[in-house]
Every structure is written in C-alpha cells, then in structure tokens.
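Here it is, the structure, as structure tokens.
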C-alpha cells in the first residue's frame, strides 16, 4: 500500500530504485513550431516522483530564432536560468511601486535569476536556436503565463474588468481575448 | 544601537511599546478618484514595525461604483478577503494548463481566498461604494499589478516580446503601453 | 478518491469551485449572551477547505458592553486584529522574565498585533457593542483559553499543582475550578 | 566587525572554536529553595552562541520534593522531557474545545512530549529530588508562565478582565495578583 | 480510519492518550558489546508517534571504555549532546574548504552542538562507561554512518571511485570494504 | 549603508541592477588537472549576491576521462544533476540501516536527484570529457567531501577514532591521512 504526501506517492525506502530519481531526454530539443517560437520541457515531481518534498525541479527551454517565453510567474519558486546555446534577452520586473525592469542580454554560459513570484520573460536574440536550462526552488513550482491567465482564462475575466485594468476600450480587450 | 532582521529594525524587547504593534485609521475611506476607481491602504511591516518576522499583514480596499482592483499577484502571500460593505465580483485564475477562472459575487459578510502567487482581481458590482479588508500571509507580501508590470515597467519591456506574448501587432502593444 | 494533506481533503484542481474558497456570513453578529459577553466566529480550514496549507485564517469577534475575550494563546499563529465598531482595551504580555503588559485602547479603525504564542485578551470599553475581525497566520491556529485550560481541563489538573503555581491555598483553587 | 542574524552575532567560520558550541555545568543542581520548589537552568542561544539559527536548545530542571513547574507555554517550541532521577507527574492540556488533560506519572528513564504552544506542567511525585532534562525545538523557545503572565504582569491586567475570565469576583483576583 | 501525514498515522485528537506522547526506558544501558563499543538508542517518531510534525527527537548513547560513535551525519537535524556520565572526546568538521576540526573533551554536565549535516563523532575517554543523551531538531533525523555508507553500502560503491576519492590503491579500498 | 541578512548584503531595491542577479562563464571548462580529474565551479550566493534568501544555486562540474567527484554531502540542499556532455556513473547511499546504493549510468540528457544530506558521488564513464550542471536547493548549500573531512581535517581526527570507525589498524588510517 502506498502512503502519500502532498497528494503524491511516498516511496517505500526499501523499494526505491534509481528510476524514481531520474529522467531521460532533457537534451532533446522541444518543438518550437508554435506562435511563440519556444517550448518548455518540465522535469518536476510529475516526471521524477522521488523529488516529492525535496524542493527543487528543472525545465529545459528551446527557442527558435525570435522565439519568446512570454511574461509569466511561478507562484511557488525562484528560477535560476543558464544559457546552454545561443543568446537570450531576459528580464524581470520588480514589485509595485517601482516596477523596474531588470534585464540583460545573456550569452552562452550566462546565468540569470528570477526571484520568486516576479513577472519575467525571455527572447531569443541570437542568430539560431537558443537553449536554456532552469532550476526552480520547488518540486511543483507552477506557471502562470500572464497573457493566457489574463486574456485566455476559462471562463473569461469580464471584459470591463480588463478594460479598466489596461485603461483601454473593450474592443481592444476583445481583440486580445480573441487570441487565446 | 538597533539590530536588524530582514533589513528592518529589531525592537529591544524592553523598549517595545504598544505603538510598535498598532496602526490607526484603517476605517478611513481611501481616495478612489483615479482611473481604476479603487484604492488600497496597506498595513504591513512598513506601517507596523512589530510585524517583522510574524508573517501576516492587512490591507483595506475602497471601491467606487464600478471600481476595479486590476489583475495582480502577491509574490509571497495568500490573501483572504472580507467584504465589509457593498458587493464585489472577485476571482482568481488557476495555473497552467487549466487557467480556470474561479470567481464569485461577494456580498457583505462574504469571505474569499486568493491562493499564493495566483492572478486575482476584484470589481465593485454594488450600487454604491464597496469596502473590503484583506489579510495576507506575509509581513511584506509585495504586489505585482499585471498591467503596470507588463505594460508600464521602467524601462519598458520590448514591444516585440509583448507582441508575441499577446499575439497581437505592435500597434496594439504601443497603445497599451501608452496608458502607463 | 480524495487525497489528503494535514489530514484534510486535497481538492482535485480540476474540480475546485469558488465554494471551496469562500464563506458567507462573517457580517452576522455572534450571540454574546454568555458569561463572558463575547462570541468568536472562526473562519479557518474547517469552514473553508481551500485554505489547507495556505497559512492564513480569520475570526470575527462580537463583544457586548463590558464583554471580554479572556486571556488566551494561539499555539500556531500571530494575530492581527482590527476594530470594526466600538472600542476595545486589548493587550498582550511578553515572555518571561519581563512579563510586560503591552496594551492599548483601540477605537474603530485601529489595528493591533498579538505575536505568536503570547497571552492576550480584549475587553469592550465602548458604550455599545463592539465588533472586531482578526487574521491569524495559520489555517488552523488553535486556541488555548487560559482559564478553561488551567481550571477547566478534563480531567482537572491536580489542585496542589495549581495551588503552588498560583501561590494560594487549595480552597481558592477549588473555587476557581468550580466555575468551569 | 560582527555580522548578525536574529539580532545575534554570526561567527566568522574561520574564528569559530569549540567554546562557541559548548556549555559546562548542566549536571549541577539548580537551587530549588523558592516557593515553587523547582529551578530551570536554560541552555539556549544565550548560553551557546553557536546555536543561532540551528533550531534546538536544552533546559535542566530540578525539583525539590513536591516541587512544581507551574503551567506554562513555549510560544515557539515543542518540548521533549526526560526524567533523569526521581518521579514526575507531568501533563499538557489540548486546545479548545476539548481541553483534555493528557498526563502521566513519569519515572527515571521516561520521556514525554509537550506539543508546541500547549499549556503544560510538572510536579515532583517522588520521595526525593527529581531531575529532568528537556530539549526544545527552537534556539530561543521563550517561556510564558501562566500565573506570572496573567496575575503578575507589569503593569497588571485590569482586574475586571480577569474577574470575567475566571468567573470570580475581584477580591479573589486581587488575592491572586497579590502573590506576584 | 486513520489519516496520515508524512506517511505516518495522525492521531484523532479525541482519542489521543499519554501513551502516544511517551516512551519508557531511556535510562537503560544499551549493549556496547560490539566492535565500536557504543550503542545508540533512538527515541524518535518511530517510538513516539505523537512526535509527528513536531520537529524534535532524542537518542541515548552508551559507550564502553574506548567506545566510539564513528563519524556520521544527520541529513535533516542539528544535534545537541549532553554527557550524563563519564567523559567524551567529541568533534565535528566544518564544510569545505576549511575542514576545521572543532573538538573538545566533554565531562559530565558538558553540552556540545553538532550543526546540521556536518560530520561528527564521539569517543569515550573516561575510565569507565560513558552515557550521553542527544536531542535532534527533527522527528526523523536520519543517520549516515560514514564508514558503512562509503565502504559497506549494498551494493558496494565501485572500488575505483573510492580509490580515487581516498587517493589510495584498490587493495586498501578492498581491505576497508571487507570490514563491512 | 548596507543592511544585511544571513550575514550578507541586502540590496536596496532601487539600486538593484542585472549584475546583482547574473553570472558569466558557466560554459567554461574547469581545470581537471588534479588527482581527482574533476573540477566544480560553484555559482551560489557568493557569486550572485541577489540569490540571498532565494533558496537555490548552481554548480558546473567537469570530469576528465575517469575523473571522479568523490563521495560527499551537502548539509543544506538536495541536488538535481543534468549531464550536458559525456557519461557519468552516479549514485547515492540511503541512510542507516539499509545503506542501499541507488546508482545509474547517466548519458547526455539524463537527470538524477541526490536527496538532501545523503552521501553521493559521480564518475566519468565516457570516452572523453564529461560535463554536468547541478542545481541545489539552497543559496549556500555547503559541501563536505568525505575523504577530506574524515582523513584531512585540520587538525586531524584522532587515528584511533578512525581505526575503530573503519575497523582497520592505525597504519592504514595513517596511510589514508597521509594523502590529504
């Protein structure tokens, strides 16, 4: 019989094997043939059950030329990103009231930190594909992609809330919502 | 000499007074004469130094008729909101991939929870002013107002990152950025 | 099948609804027709299952004229109290060896903090009913009412322990125990 | 120059010596010639600076025949007590609403747990002196002795608050307050 | 039906008894008739189910003359040790790059701290048996005895890894492995 | 003037720049010309001051053919390792009493987890150089290399403690100590 913590299986220590603590294929390119030109391959407690309660996970990201990881937050994790190939323009925005953009062009071998809960993004600014790997300080960090959350939720957020929030008329909100 | 924790003054226990643990005026209406028609009055470790390390804080929010607290996140806190007067439409959006909107019309005496790091918003749907009070699970919860962070950061996020993120052309992004 | 954390149900994210994150009726006065002249209405993980693991909860307190919330502790939470109507005399006592009483008369709109685990109390010092709302830094803060715990436990603490503790003879202890 | 965490000195690792991590004399009997017939000898971050941030501390307690450690709480720690010599009657009371007394006579070699923040007490029920040693789950656990906190604070809690709390008339409260 | 946290039973508070929070026999000498001349008697969540989630545990250690507790780590706890009888030479080694040995001869009544995760050891340097009691900052601290982990794992670590690690030839590694 | 947390500088948010959150050069091979044939390049709070309090860090490791990262522990972190180039044999040993070796040959793109505080090691089993990158769940994880800690501390652990621990005579211990 399985015990569970955080709603996930606890391994019986005597039955634990290397398979519970490993994952294969993080070197494989993700398919970036999509409007954003980027693909995230997560490696967290869903892929590696032995990570449960251990407070860390990974993600590989592939970027086609001009590919973007759009502004998003992780509700439960800080992220530390390493560029493996290519070049990225990456940034995060500090909390209210300053909303300062802290950004940098990152080349191969550069590392950048996105503090917990802050909005951040990346864009391929190299001549070819770019690849990065990120570590996150939770086995289950979660992702909120801002555009999808705000303009593509199910059901939709009322357009007049969004019109007031973004200080534009509803036709623009409708156009934004129509994308998702 | 003062000691400090979290970059803030530690009280010498012998010199602690009730003033270090209190705040006056959370019953006073905030000024909602602004484009959003809402006003947040924070009561956290900045206002009450004795909250340092204690992991809780408050905020009062006033809403003019149709006033909105636009979509935002708290990077370090869950929020529990109580409607003191009036009626609110409030909601939060769950993480990827579901992005489910969990929302509800709240009347006087209703309580609603916004889990840590998730995007949430409120809108006055009553006939007059609405007032709510929120508690947050950090003495320094932080606020990221999505519209300001994404379209009003200083300096601005590059428009082509935003165009890709929101899947619209740059003219719409420029119009959104022009509001902030 | 339900998973559980902290012995409570975990919501399947896809089945979560607004009802799991909300509560109705915190505006309703509690019945203060009791010897203390006060009534606590808790709103924690028992009332809002979605609070599980989120580290925050609420309570409304009603006070008849002269009503008292007797000295008590929360074993797992700091409390931040707001006076909604009326006036309270509130205080907490610091740890040994100082045992300093930090107290204050609070009027409508005043906020006061009771640090985690310290003994605190409130008394209505207004002319009519008083109402306050508290936030606590745990979804399950617990309450130890000192008089009940010390003189009304089941079974009773031996009277000679209490006689030594309070430095009075057993007849006084018996009289105190007889009240509970 | 010293760095500090929690308001206490941080050791420069290169200058750390065994003296920063040790204490002498926990075998020495405390002086129990006092009304309670007990004496606590604390060994926490005040006595061992190297304990800072490490989340554990000790206390030795001596009990004369019939000596009592009166009902108290630790606001920030669970306690695990071991009887080294003699016999103790020890107990704790669970939170509201049950207020169940969980108690036991402990002899040499017995261990008992007082969960974080709950009211607990000990009494020597042996024929001679009793000695116990406790470990606490904080380097700075704090102590609230109920009788002193409630009836001996400085300044005093108003007698009518206490009269209501303990459901007795003020003359009894005065008598209790006069002891401290 | 039992609920579980950390894979262990949660007590129904109404059914909790003193037996769930106590242990008998920590005064009984452990059998030190083994090559190390020492014996550890653990008192953690396995022996006291009520310790679950409370973050503390105990261990008694007996040492025959010249008995040794060999170098080991606790992956999840700081330890604070008290000498009850006899004399110990105890020490821990700081992290890379300093690897400073912080050690001390401890006599009856001396207390010593082993910070979380650092390698430490004890040796009886008295004329007779020595007894110590340790508290650990976890209900489930774990133990990694270095010699057993490194030279006695099942299956064995490859001898050439160990030969490189210890900078000796494989014959010495084989001899070390043969002991376990 | 700088504030400090954990003994390190706190950034004034208004003065924070991208340089406080970034690092260059993790793509550069470390020099493996040493007896172990491996080199660790750490990227933690020492290299990136903005990581303070954020609970995550990185390390790059280079392995010459047959190079070894010898058995070691991190006292404050779980590690998740990714093979970027080449092949590694990697493993960790579970706590007492099982001391099970959980190991696996890892090729490019494989990920493996070393749970907090457990002894683990890696060995290059490819035909050329191998490169891995690790993330650790602390901004200051610490490293205890077993061989250096046990046989190369300063001053040395007494040889008879080690002789008993490893169940060999002192001549072998001396030989082991002579390597460090």
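A few notes on this one:
Note that the chains take the letters A, B, C, D, E and F in the order they are written out, and that residue 1 is the start of every chain.
Convention: a residue touches a chain if its C-beta (ideal position, glycine included) is under 8 Å from a C-beta of that chain, and two chains touch if they have at least 3 such contacts.
Not measured: the values here are computed from a predicted model.
Note: the chain lying farthest from subunit E is B, by mean C-alpha position. Of the two chain pairs examined here, C-D and A-F, it is C-D that is joined by more C-beta pairs in contact.
Distance from subunit A peaks, on a Cα-centroid basis, for D. If you average the Cα atoms of subunit A and of subunit B, the two centres end up 23 Å apart. Spacing of subunit A relative to subunit D, judged by their CA centroids, is 48 angstrom. Inter-chain spacing, taken between the CA centroids of subunit B and subunit D, is 41 Å. Counting only residues that touch two or more partner chains, subunit F has 4-5, 91, 98, 100, 115-116. Only residues 13-14, 16-18, 21-28, 43, 48, 50-51, 54-58, 78-80, 82-84, 91-92, 94, 98, 100, 102-104, 106, 108-113, 115-116, 133, 135-137 of subunit B touch subunit C when the two sit together in their complex. Taken in their complex, subunit D has these residues touching subunit C: 35-37, 66, 68, 70-71, 73-76, 89, 91, 93, 95-96, 98-101, 115-119, 121, 123, 142-158, 160-162, 164-168, 172, 175-176, 179-180.
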